[in-house]
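Here come two complexes built around subunit A, the first alongside subunit B, the second alongside subunit C.
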Partner chain A sequence: MTEIDRDRGRYLIGAGLSALLTILAFAAVALGLSRGVALGIIGVTAVAQVIVQLRCFLHIDFSRQKREDLQLILFSLLLLAIMAGGTLWILANLAQRMM
Partner chain B sequence: MTANLHPGLNLGESHGAAHPASENRVFGFWVFLMSDLITFGILFATYAASGTPMGLAGGPGPAQLFDLTSVALQTAFLLASSLTCGMASLSMKAHAGAGRIALWLLVTALLGGGFLMLELSDFASMLAQGAGPARSGWLSGFFALVGLHGLHITAGLLWIGVLLGLLAVQGLSDRVKTRLLLFALYWHFLDLVWIGIFSIVFLRGLA
Partner chain C sequence: MSGLFGHLDWTVTPFAAAIADPGTNTFVAAGAAGLVVLGAVALLGFLTWFRLWGPLWRDWLTSADHKKIGVMYCVIGIVMLARGVAEGAVMRAHQAMALNGGPLSAEHFAELFSTHGTIMILFVAAPLVIGLINIVVPLQIGARDMAFPVMNQVSLGLTAAGAALLMISLVIGRFETGGWSAYPPYTGRVFSPGEGPDYWIWSVVPAGIGSMLSGINFAVTIYKCRAPGMTYMRMPLFTWTALCAAIMLVYAMPPVTVSSLMLALDRYAGFHFFTNDLGGNMMNYANIFWMFGHPEVYILVLPAYGVWSEVSATFSAKTLYGYPSLVIATMAIAVIAFTVWLHHFFTMGQSASVNIAFGIATMIIAVPTGVKVYDWMATLWRGRIRMTVPMVYLTGFFILFVIGGLTGVILANPTIDYQVHNTLFLVAHFHNVLIPGVLFAMLAGIHYWFPKVFGFRLHETWGKRAAWLWIVGFCVTFLPLYALGLMGMPRRSSSFADPAFVPLQLVAGAGAVIILLALAATLVCYGVSIRQRGTLAVPFGDPWDGRTLEWAMPAPAPEWNFAVIPAVAARDAFWAEKTGGDPYVAPERYEDIELPRPTALGLVICVATTAAGFALTWHIWWLALSGLVGIGLAVMVRAFATQTTRVLPAAEVAVHHGRWLEAVHTARGITRDAEDSPANRGLAAPDTEVTP
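Take a look at the complex of A and B:
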């Protein structure tokens, strides 16, 4: 098996897994599951699909050469958690007080 | 197996100087993509914060406006285009020739175009129902977030056009190879953002 075959397999596996996870998430809504269960399935499949695509399409993993790239992703996520999480916290609190 | 120097598919040693020459450019582009991720993230927060009765301002909500079938089709188009974009990068890595790369890029552009047509027709039907960005804070957030992603896709389609032109004029020069790597990262990144949009905006809205 050549390197190209391995790379092609990686893309195909990534696309197959992504399609499966997408179908699961849409099925949870289309089948009319209760809101709590559906939201749980959507959340889990979304995170799983992001990881699958990072691994298979963007070739990000824990190997030594790409630590900078992964660190950049993690730092961006930290910034997002502070800014987006903070926004949601403050505004949800405000909405509650204005009820 | 050659060591990877940067995110995305690596050209590998069979491409000579083009492989190490890509490292800095791809890393720089990766920094841009991460700052773009912050932009999208803040728009996600704006959208989510306005999804309250106050944010809806008595206007139409997700259940009246979103069409699950259309969103599923758009998702399928975008995922398929991500795969064909990967096939274009792979053809380049495997020295399959400029024609094969151009063909995969063309298929990617067609799938991306299909996505954009469906999205625009959804926007048009929302506008026809009086649900434009000015109707409520929630709709402003919706059009800012989903519209920005649509603009990115439009820019990507233009980029494919430029790449096809470069391939025709310059052939597979080292510079063109690096640009193809950058485009592939950009396109896969847009699919990542779309996962967030269809999960948080559409599926959560319809659940």
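Take a look at the complex of A and C:
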């Protein structure tokens, strides 16, 4: 199997998984599940799809040569969590005390 | 007419105000505006008289060389420093006379502290730091230029546009009066209907985008353009701090761009992000702004720590002590800096549990900084120390910065912060970390790397005079403010009623005079050095017996930096070569070098952005649209350019490099005792013991 075949296979798997996860998210709404369950399914499939796309399309993995890219992605996630989480915490606290 | 000129008319200049209402207040404003106009006319006259327009255009404005771009950043920083210091002195003079009044109007005073803060952080400290990183990092890692030389030019253009708008605001109209953080709802449309906050917004937004682009550029350069063998743990510490600061720039600048643009939407389009009514939440502005504001101070101080690391090792002729701990401390600060922003608004009303979480994080961030201070002191320990200008600054930094850091730990306690927030205690604290921490480091760094860029050293005696004046001036001006703050004097007050404040205000006012002298001595130092550049020349490129790669090339460094990209085998690469053999060996063969072609893209974007910002401020819609379209067009036209690089033939490099090597081999090196004498031509003779 040549390099090109391997790449093509990975893109096809990525496309298939992305399509599947998208269908699942739409299905959660179309099947009329309860609001909480539907939101949960959409959230999980969304995160899963981000990981699938990073892995299959952007070729991020745990190998040594990809380590820098992976570190930067994880660092971005950490900062987004700090900023978004911190904002929600602070503003919710302020809103509560404004009651 | 109003369509053509927007809100502009003949009454907006301070000159008109001075004629209509003569007095100290209006004369000060008109004098400042007059200085800007005179300065601009003098500059144009100077360039024309000495026929410098051609060289300025060819060698500087269109150059994509990282060293030239770095120098232009530093020039912006120094020019704006002169304005910022002058404003500070006017404020100190005013407050010294402000018992029950004072010469300036309250609004004028508010404009002064707002421009002073905006300028000092965004247009003095940031350009100096980014300029120094631009000059030094590619030289230290063995690269020929930044990863994106033209984007580097665009970053400079955007920063220059912000600075230009600030200068224009001195002559046309009034600046914002709500401080450098520009909190709404005060800066919203209802309470500040004029042009002031718009000037602030359109200065900050381009500078923020430019800094973010710089951050991307630096990070990619350090990740991808290192010389072979330059592993992460062999990078000089300045490069490490630059890397961490660059990554922080990428994440910390977008919040301020976003919050400023949201404020702009409130002001221009009637949105309600931060208004009092209709669901606006001004507390979220403080939240987003400080998500940028706090990391920003560490973005500025980390490269300053890098300068201290290089300076302490070089001028004590020792290996930097505790390199791994310095690297870890740098990374720790870069992450923790994103978790402390709430300490800027402890008193906004959130609960004690929120406050104390951020208070603890703030106290923790002092730990890695403390580790660094001990590392630098251990580096000096038993070293062969030469008290050069950077070392004088380092000494001042050691003592003063520790005081500033400790008052920061005091302020990190929310219960104490409730007592002293919004007083001069806070003003004393942040000047105490920013002046000895960042400004001293930048002045020391300029002195240290100046010969590498221009080929001659700076005058040591004038440099030392300036350094001592800065240190003494700082102490006399800002240490009394701690006491005034504890006595209860609020910051940003244009007048006060308690006569007990007067004596210390007079002391601080006298200190401002010393700082003015320090600024003058700094400028004299540059002037004297340029006049004596013959005796101060160091063409062989290694005036301080340096340790890292940038000293292994001629001074001034050639446009292509390295004749041959070096192979790095040790942490202090050049020092290892010097101690292990001959660092000045001709390479076996030279190769063609690809260099970026000059382009006017950065300049075009600078002019278009300035025009757009000015037009938006004054509601001149046709000009705003033209400026924004101009930016887009310039980028598109550039995208079609195919000949973006030129090739320098290997033969030319060989001739240039060969001539330098030949001169080095016939020259005699000097020992460290002759370092500040004219005998120093930039070739170091080994006379210092090598410590393991």
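Here are a few things to note about the model shown:
Here is the rule we go by: the second predicted complex is superposed on the first by the 94 of 99 C-alpha atoms of A that agree within 3 Å, B and C clash if a C-alpha of one lies under 4 Å from a C-alpha of the other, contacts with A are read in each partner's own complex, and residues count from 1 in each chain.
In this text, a residue touches a chain if its C-beta (ideal position, glycine included) is under 8 Å from a C-beta of that chain, and two chains touch if they have at least 3 such contacts.
This structure is a prediction, so every number in the text was calculated from the model and none was measured.
Among subunit B and subunit C, the chain that touches a larger number of residues in subunit A is B. In the overlay built on the shared chain, the residue A:97 is in contact with subunit C alone; subunit B does not reach it.
In the superposed pair of complexes, A:87 makes contact with subunit B and with subunit C alike.
When the two structures are aligned on the shared chain, A:30 is found in touch with subunit B, with no touch to subunit C.
By the document's definition of touching, of the two partners only subunit B reaches A:54; subunit C does not. Using the contact criterion defined above for the overlaid structures, shared-chain residue A:68 touches subunit B and also reaches subunit C. By the touch criterion defined above, A:79 lies against subunit B and subunit C together after alignment on the C-alpha atoms of chain A.
With the contact threshold set out at the top, residues 68, 72, 75-76, 79, 83, 87, 91, 98 of subunit A are in contact with subunit B in one structure and with subunit C in the other. On the side of subunit C, the complex with subunit A involves touching residues 223, 247, 251, 255, 281, 283-284, 287-288, 291, 335, 338-339, 341-342, 348-351, 354.
Residue ranges of subunit A in contact with subunit C, taken from their complex: 68, 72, 75-76, 78-79, 82-83, 86-87, 89-91, 93-94, 97-98.
The touching residues of subunit A, when paired with subunit B in their complex, are 3-4, 7-8, 11-12, 14-15, 18-19, 22, 25-26, 28-30, 33, 35, 38-39, 42-43, 45-46, 49-50, 53-54, 57-60, 63, 65-66, 68-69, 72-73, 75-76, 79-80, 83-85, 87-88, 91-92, 95, 98.
Those residues of subunit B whose C-beta lies close enough to touch subunit A in the complex are 1-10, 12, 27, 30-31, 34-35, 37-38, 41-42, 44-46, 48-49, 52, 54, 68, 72, 75-76, 79-80, 82-83, 86-87, 90, 93-94, 185, 188-189, 191-192, 195-196, 198-200, 203-204, 206-207.
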